[in-house]
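The two complexes that follow have subunit A in common; it is paired with subunit B in the first and with subunit C in the second.
The block that comes next holds the complex of A and B.
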């Protein structure tokens, strides 16, 4: 009786964690190890793993023009998006941190794109910037200007893709920045005021240095999210014109499902995963220090 | 007399400046939202009016025909139901499994607890984008490809949810649990009758976020769903855009249908989104 009770008492916590752990295990942990395994093999979706090839997939990456260009595009995209996101979200946080009615409403407005799905964001921006049908060219034409090939010119397409991504993310980081600003003690500003420091000096000497941990956190989070970018671009340009806006995740998808090369795609996934892991560990170290 | 007048005028000046500032930020927020506003406005325009030059700002002859054709011809009634079913079921499963795991992690000492908690945190870092290929194969082996359950079950074990609920449950005093045990309550009864009701604020937060995430999910259905009839709204929208010669009037109405529930949830519950509770956590 008592033995049975003790036994069941020991088992109970495991029963409670079982369902969640099962789903985790089957759909996250297991696929992760599979993915790593596949990257050392050659195979297809139909035949399965056919041959152990060691590091061949990885060696092939170094010579693969499509992969390298998607990697380069991804880095350029990440740098552009992250720097703009950090700048804009900080500016918004500074402008809208007050608890007034107007600021509160504006915060809601600037946050709103965050809750839209990336597909909806892509459709909305495509509807604005479509070359022959979009409202922006409509306005330009009616003012006597010639239409701009927003989504079919390499440079314009890249710019629109970056802006759409920034638009969708900024509100999220604005909220984090406001949280960071609120931790700065107001006595510091009062003291600076007494010492005759103007608001520009206060920004550079108090706000920015004390906000540094938040800024770093926002930078890393935005970097992680930008490396994963896929859906907005898929809808806006489908990676085009040519491959001008095709990023890493789209390249992985196309390698796996369009070119039916899941093992080679797995090697690319491992590269992406390593980058994200490094960034996440960095982020965790910062949040722990906080 | 003179000084009070002066004081009053500076008072009016600061107030005026404040109103001007408030007006300016609101105007900026309005401009910021033009892409969304433009989709919604355009969705009420008849097809011919969509491509006018110069463009009409407000619909000249507002019509619901785009919605009618999207829902019937475009089959978006079906996609809306699929999205609703997927988001609801996945959220219910997440609430149950996440809260059970969180309860064990918060209120029991057992071998492997720390490891399990760290593992949960670690899975936050594994984005779907990285495991697209193997997860497709796992789902195929389980016979879950092209089924709604294939996009309901896998994302239900949200690590963020476990973390959020565990943190909340830690604040529930152990004495309540002990006295219930003395009264002869089973462990399940403690979880179901005491812990869950006391965790309602955290459960509500998770429910809102989970529903939003699952409603907006694209990559899951993109990998898993191949048929027309099992498509969700996000997938159907992307497929419509991908076609040669986009049918904008249907697409705009369908996009508005897709964003409307999120808009309502957000406007009603915006403090959950803008509050600091979840602000630091990664989306997913």
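The block that comes next holds the complex of A and C.
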């Protein structure tokens, strides 16, 4: 009887996690393993794996201009998006932290883009910023101004892509910041006021330092999400003009499906995976320390 | 226990029987009317073949290649797929060889000679032509009338490129059309100019890219000038704007695309439109292509696939099917077929096809072109952005093409 109890105590927890582990293993670990394996081969979707090439795909990455430029674009995009997202979501959280009806409505308004499909976001921004048919250029022209090449000029297109992404993401991080702000004891502000600190001083001396863990979390989450950006850009510019807004995920997609080279695309995915893995470890370490 | 075994046996047998009677089809659609038309024909097939069920998955054209690639890679190819020229070359090695089901000579003799090279690989037949496509220019009759420009109507008064450029300039400045020319963002459509200039991608042996030539250079330079001079809206090649929308909304005076748009353009009611013969440079040429049906070697029901392919390409079915879809049938006996209000437009496409050199079709039936499409488009875009010269673009395309052929 005791033996049976001990056995159940040991085994039952594993049975509970087994379905999840199985699903995770089949749909995450196994494809990951295959991705890694494919990256050491040459092959196509049609012919399958044709030849073991070792590190050849990785060596090719080092001299592949399309891959290198997409990697550079990705890092530039991540830096721009993350810094703007952190700044705007913090500003919104500070402005809308009060629990009034107006704040609640505004919070819903700013959160709405988060629940929109990225494709819808892309289409909406395209509709506004299209160089030839966009609403904004229509208004500019009707007011006697020259149209702006929003999506056909390299620099403008990059700016529009970053802004669209920031618009789509900010609401989510605003909610996290509001949660963080609510954990700061109000007594600290009251004490600061008694000591004669103005609101700017309160922000720099109380809010920002105590919000540091939340800011870090937001930064890491936004960084990971930005590295995976794909749909909005695909719909908005399709990576153009030229390859000016083509990021790593789109380059992987095009390598696999347009150029019919899934093994080389796998090597690129492994690089992206490694970057995201490092970021995730960093996030876990910081969360644990916190 | 015996009961369980019995029922398992029944399930097994019936699933085998059902699998044999089911034909899985992947059918891509471009015009909104296509799905309803095909469904009608599927019903006809099922009625004519009791016990057979045709299970159709409709995919937008843009997702066709990816869908098939993944199905083939997952070892679950469909029995039948409707594909385009580039696909039939790409899926060559996994294609169902129809020659094991039909008499090759009489089967292929049904089709226009221009379409046969796409599906014949030595003694194998890797598909069957459904219809013939040709690139061409649609134009807004109202805008041209407003600008006082007479558009060529037949092969005798075809514009030269310079006359075309002059017409683009006049129609933009003297009509309500805000844009002169919409141009599909594809290598295939660009190649219309390449061939008219006397250029080509691959030599007769099929083993060497020869695109880096003076003729090709002339074509790419001319194309980049159309952008530089503002005739083609830059957004169409630089930021994914849809050229078809611009034409259908009456904002663009011309549209370089192809005959597959006819069904869709039949819905246009805001202005009158027509098709003009393609302007000539050194030669007259269009780019022939087509839609095909093909089976897959590893599919569940190859025999059913072969039967369905023979049925849909037979005279009794293919001719009305082509007329319903307003496409050019790939059958020899379709000559003289009437399309009602589209007879004039069809005649222009047929005229362009009739003067197109054979090597144009050979270029596009080479599997290397399917893999090089995106690369070529990227190199052209670099020229439009001023990041490289047309000469550098052609050199890059030639080098990459030869690397793939090796």
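Structural remarks
Rule of thumb we're sticking to: the second predicted complex is superposed on the first by the 267 of 290 C-alpha atoms of A that agree within 3 Å, B and C clash if a C-alpha of one lies under 4 Å from a C-alpha of the other, contacts with A are read in each partner's own complex, and residues count from 1 in each chain.
One rule holds in what follows: a contact is a pair of C-beta atoms (placed from the backbone, for glycine too) under 8 Å apart; a residue touches a chain by one contact, two chains touch by 3 or more.
Bear in mind the structure is a predicted one, so any value in this text is a computation, not a measurement.
Applying the stated clash criterion after superposition on subunit A shows that subunit B and subunit C collide. Contacts of A:152 after superposition: subunit C is touched, whereas subunit B is not reached. When the two complexes are overlaid, the chain among subunit B and subunit C that reaches more residues of subunit A is B. Within the superposed three-chain model, A:238 lies in touch with subunit B and with subunit C [touch as defined at top]. Touch criterion not met for A:72: it reaches neither subunit B nor subunit C.
Of the two partner chains, subunit B is the only one touched by A:106; subunit C is not. By the touch criterion defined above, A:47 lies against subunit C but remains apart from subunit B after alignment on the C-alpha atoms of chain A.
Once the two complexes are overlaid on the shared chain, A:133 sits against subunit B and subunit C alike.
Once the two complexes are overlaid on the shared chain, A:87 sits clear of subunit B and of subunit C alike. In the superposition on chain A, A:254 contacts subunit C only, with no contact to subunit B. Only one of the stretches 219-227, 237-245, 291-299 or 381-389 in subunit C has C-alpha atoms clashing with subunit B after the fit on chain A, and that stretch is 237-245.
Looking at subunit A, you'll find residues 45, 126, 133, 235, 238, 257, 262 touch subunit B in one structure and subunit C in the other. Taken together, the subunit B residues at the contact with subunit A in this complex read 18, 21-23, 25-26, 28-30, 32-36, 38-39, 42, 50-55, 96-98, 100-101, 103-105, 108, 110, 113, 116, 119-120, 123, 125-127, 129-138, 142, 153-157, 159, 162, 187, 191, 212, 215-219, 223, 234, 237-238, 241-242, 248, 251-252, 255, 258-259, 262-263, 265-267, 270, 273-274, 276, 279-280, 282-283. For subunit C in complex with subunit A, the residues that touch the partner chain are 65-66, 69-70, 72-73, 90-91, 93-94, 179, 233-236, 238-241, 245-246, 251, 370-371, 373-375, 378, 381-382, 385, 387.
Note for the complex: subunit A touches subunit B at residues 9-10, 12-14, 16-17, 19-21, 23-24, 26-32, 34-35, 38, 45, 95-96, 100-103, 105-128, 133, 135, 138-139, 141-142, 167, 172, 175-176, 179, 217, 221, 224-225, 228, 230-231, 234-235, 238, 249, 252-253, 256-257, 262, 265-266, 269, 272-273, 276-277, 280, 287.
Touching subunit C in their complex are the following residues of subunit A: 45-48, 66, 126, 130-133, 149, 151-152, 154, 157, 235-238, 240-243, 254, 257-260, 262.
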